[in-house]
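After this come two complexes, each holding subunit A, first together with subunit B and then together with subunit C.
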Partner chain A sequence: MVGIVLVSHSEKIAQGIRDLSMQMASPETKILAAGGLPGGEIGTDFQRILESIQKADSGDGVVVLVDLGSAIMSTEAALDFLDEDLRARVVLADAPIVEGAISCSVAASIGGSLEEVKAAAEESRGVSKF
Partner chain B sequence: MKAEQVIQTLQAMNQVIDREAQYLTDLDAAIGDGDHGINMKRGFAAVSTKLEGETSEDCGDVLKTVAMTLISTVGGASGPLYGTAFLKAAQAAKGKTDLNKEDALEILTAAVEGVQFRGKAARGEKTMLDLLIPVKEAYADALDEGLSLEETKQRIFSVMDESIAYTKTIIATKGRASYLGERSLGHQDPGATSSYFLIKTVLDSVE
Partner chain C sequence: MVTKQFTVLNEKGFHARPAGMLAKVVKSSDSQVHMKVKEKVVDCRSIITLMTTAVRQGEEVEIRVDGQDETTLIQEIEAMFLDGFGE
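Here is the complex of A and B:
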């Protein structure tokens, strides 16, 4: 099953989106929250992102969702430090992190491929709220 | 410059960043998320501790330690940006135990390319590149023209002053300040300012 990593500047945002997503996803779906700095401060933690990606992978790949700015750069830096093998099946989704997480959690839990799960997240970009 | 002096320069960077952390944070509070000084201080303090146990004579090893520490500890955009800069610098310095002025250009060029690669930014977007690219060009010109060390330093300091002033005149289109649009005008870029302090520390340590 495709894993999902949520990268936010805030530990609470990442954890909250994980909780929200798990309501929709099957219990065995691997959704990892990689938010904030070790002390609970606001920021993005390269090491936490790296380890979350490694843990989220069960062989089918990982979709990473990010909030802003340094979340993207810290994630891209983390990708550079993955084994080539794992690196080849980790993708960043260009999607809003809340809606994207819900969409791709569902796609992952019904057994979607890496491309399908990424696409599910990115489709949520164009969905109107009203 | 031998690895030992590279380490001394990096320790001096920590002192400068520590001293200027509040100033960097104040600049960032005006147009960003107000954490640049705090983040840089945390990162360089970790670098300083890490380097106390650094025994390699390979300048590349030293710079790589710095890169990994900054990427892991800074916590803001400057972590992956400066981290990648030092990582590319480390690759350029790999296997060298005594850096000369040509090596310095190679290392600086690699570092600036690292920032461009990671940040996907160009000149004129109110980022650290608005200082780093002119500095790299000024240094390359100074080497070409065969300027003395003192003349080279003067040239770079004057380019840095112009660059810092220039960041006040442009609108941010990258990073958190881009959310402010035109309201970022008139403010000095915190990233360019931290780059100023790092380059200044290098210049001050070369004799």
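Here is the complex of A and C:
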């Protein structure tokens, strides 16, 4: 099953989105919150992201979602430290983090492929709320 | 193609969790499934779009299934609505 990592500048945001996503996903879906700095402050931490990606992978790859573009830098730094094998099956989804997480949790929990899960996250882009 | 009307029984209405359950079942099938509510028609494959319907308890929706497994799929969907999506 594809894993999901949520990268946010806020620990609480990442955990909250995880809680919400787990409502849609099956209990075995690996959704990891990688938000904030180790002391709980606002920011993104490449070590936290790196470990989350490693934990989220069960062989089928990982989709990473970020809250703001500036999280991309820490995420890319984390990707650089992954072994080649794992690096090849980690993708970043260009999607709004809440809606993307919910969409792709559903896709992951029904056994979607890495491409399908990424696409599910990205199809939430530009959808009106009402 | 099969079409059926259902009433939303959930106290909290057709919120994120029921939308997720419906999208899951639909995504696992190759059939086209649409929900019509208050003149709006949405594709049930997309949980995000399903949630734009903002359906409240007691309101009715129309589900339209078109595909090879439409008979079994509509029954599965019916069971979910009748069960209040397990809530």
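In the analysis below, the second predicted complex is superposed on the first by the 129 of 130 C-alpha atoms of A that agree within 3 Å, B and C clash if a C-alpha of one lies under 4 Å from a C-alpha of the other, contacts with A are read in each partner's own complex, and residues count from 1 in each chain.
Note that a contact is a pair of C-beta atoms (placed from the backbone, for glycine too) under 8 Å apart; a residue touches a chain by one contact, two chains touch by 3 or more.
Here the structure is a predicted model, which is why all the values come from computation and not from measurement.
Novice: Which of the two partners, first being subunit B and second being subunit C, lies in contact with A:68: first, second, both, or neither?
Specialist: A:68 contacts subunit B only, not subunit C.
Novice: What is the contact status of A:113 with respect to subunit B (first) and subunit C (second): first, second, both, or neither?
Specialist: neither
Novice: Output check: A:37 vs subunit B and subunit C. Expected answer is one of first, second, both, neither. What do you get?
Specialist: After superposition on chain A, A:37 lies in contact with subunit B alone.
Novice: Between subunit B (first) and subunit C (second), which does A:45 come into contact with in this model arrangement: first, second, both, or neither?
Specialist: first
Novice: So, A:77: does it touch subunit B (first), subunit C (second), both, or neither?
Specialist: First partner only.
Novice: Determine, under the contact definition given at the top, whether A:58 touches first (subunit B), second (subunit C), both, or neither.
Specialist: After superposing on A, A:58 lies clear of both subunit B and subunit C.
Novice: Pick one for A:130: touches subunit B only (first), subunit C only (second), both, or neither.
Specialist: Touch status of A:130: second partner only.
Novice: After the superposition on A, what does A:23 contact: first (subunit B), second (subunit C), both or neither?
Specialist: So A:23 only meets subunit C here.
Novice: Would you tell me which residues of subunit C are touching subunit A in their complex?
Specialist: Touching subunit A: residues 16-17, 20-21, 23-24, 27-28, 46-49, 52, 54 of subunit C.
Novice: Quick one: in the complex, what on subunit B touches subunit A?
Specialist: Touching subunit A from subunit B are residues 33, 35, 39, 71-72, 74-81, 83-84, 118-119, 175-176.
Novice: Name, in rising order, each residue of subunit A that touches subunit B in their complex.
Specialist: It comes out as residues 37, 41-47, 68-70, 73-74, 76-77.
Novice: What residues of subunit A sit close enough to touch subunit C in their complex?
Specialist: The touching residues are 20, 23-24, 99, 102-103, 105-107, 109-110, 112, 123-124, 127-130.
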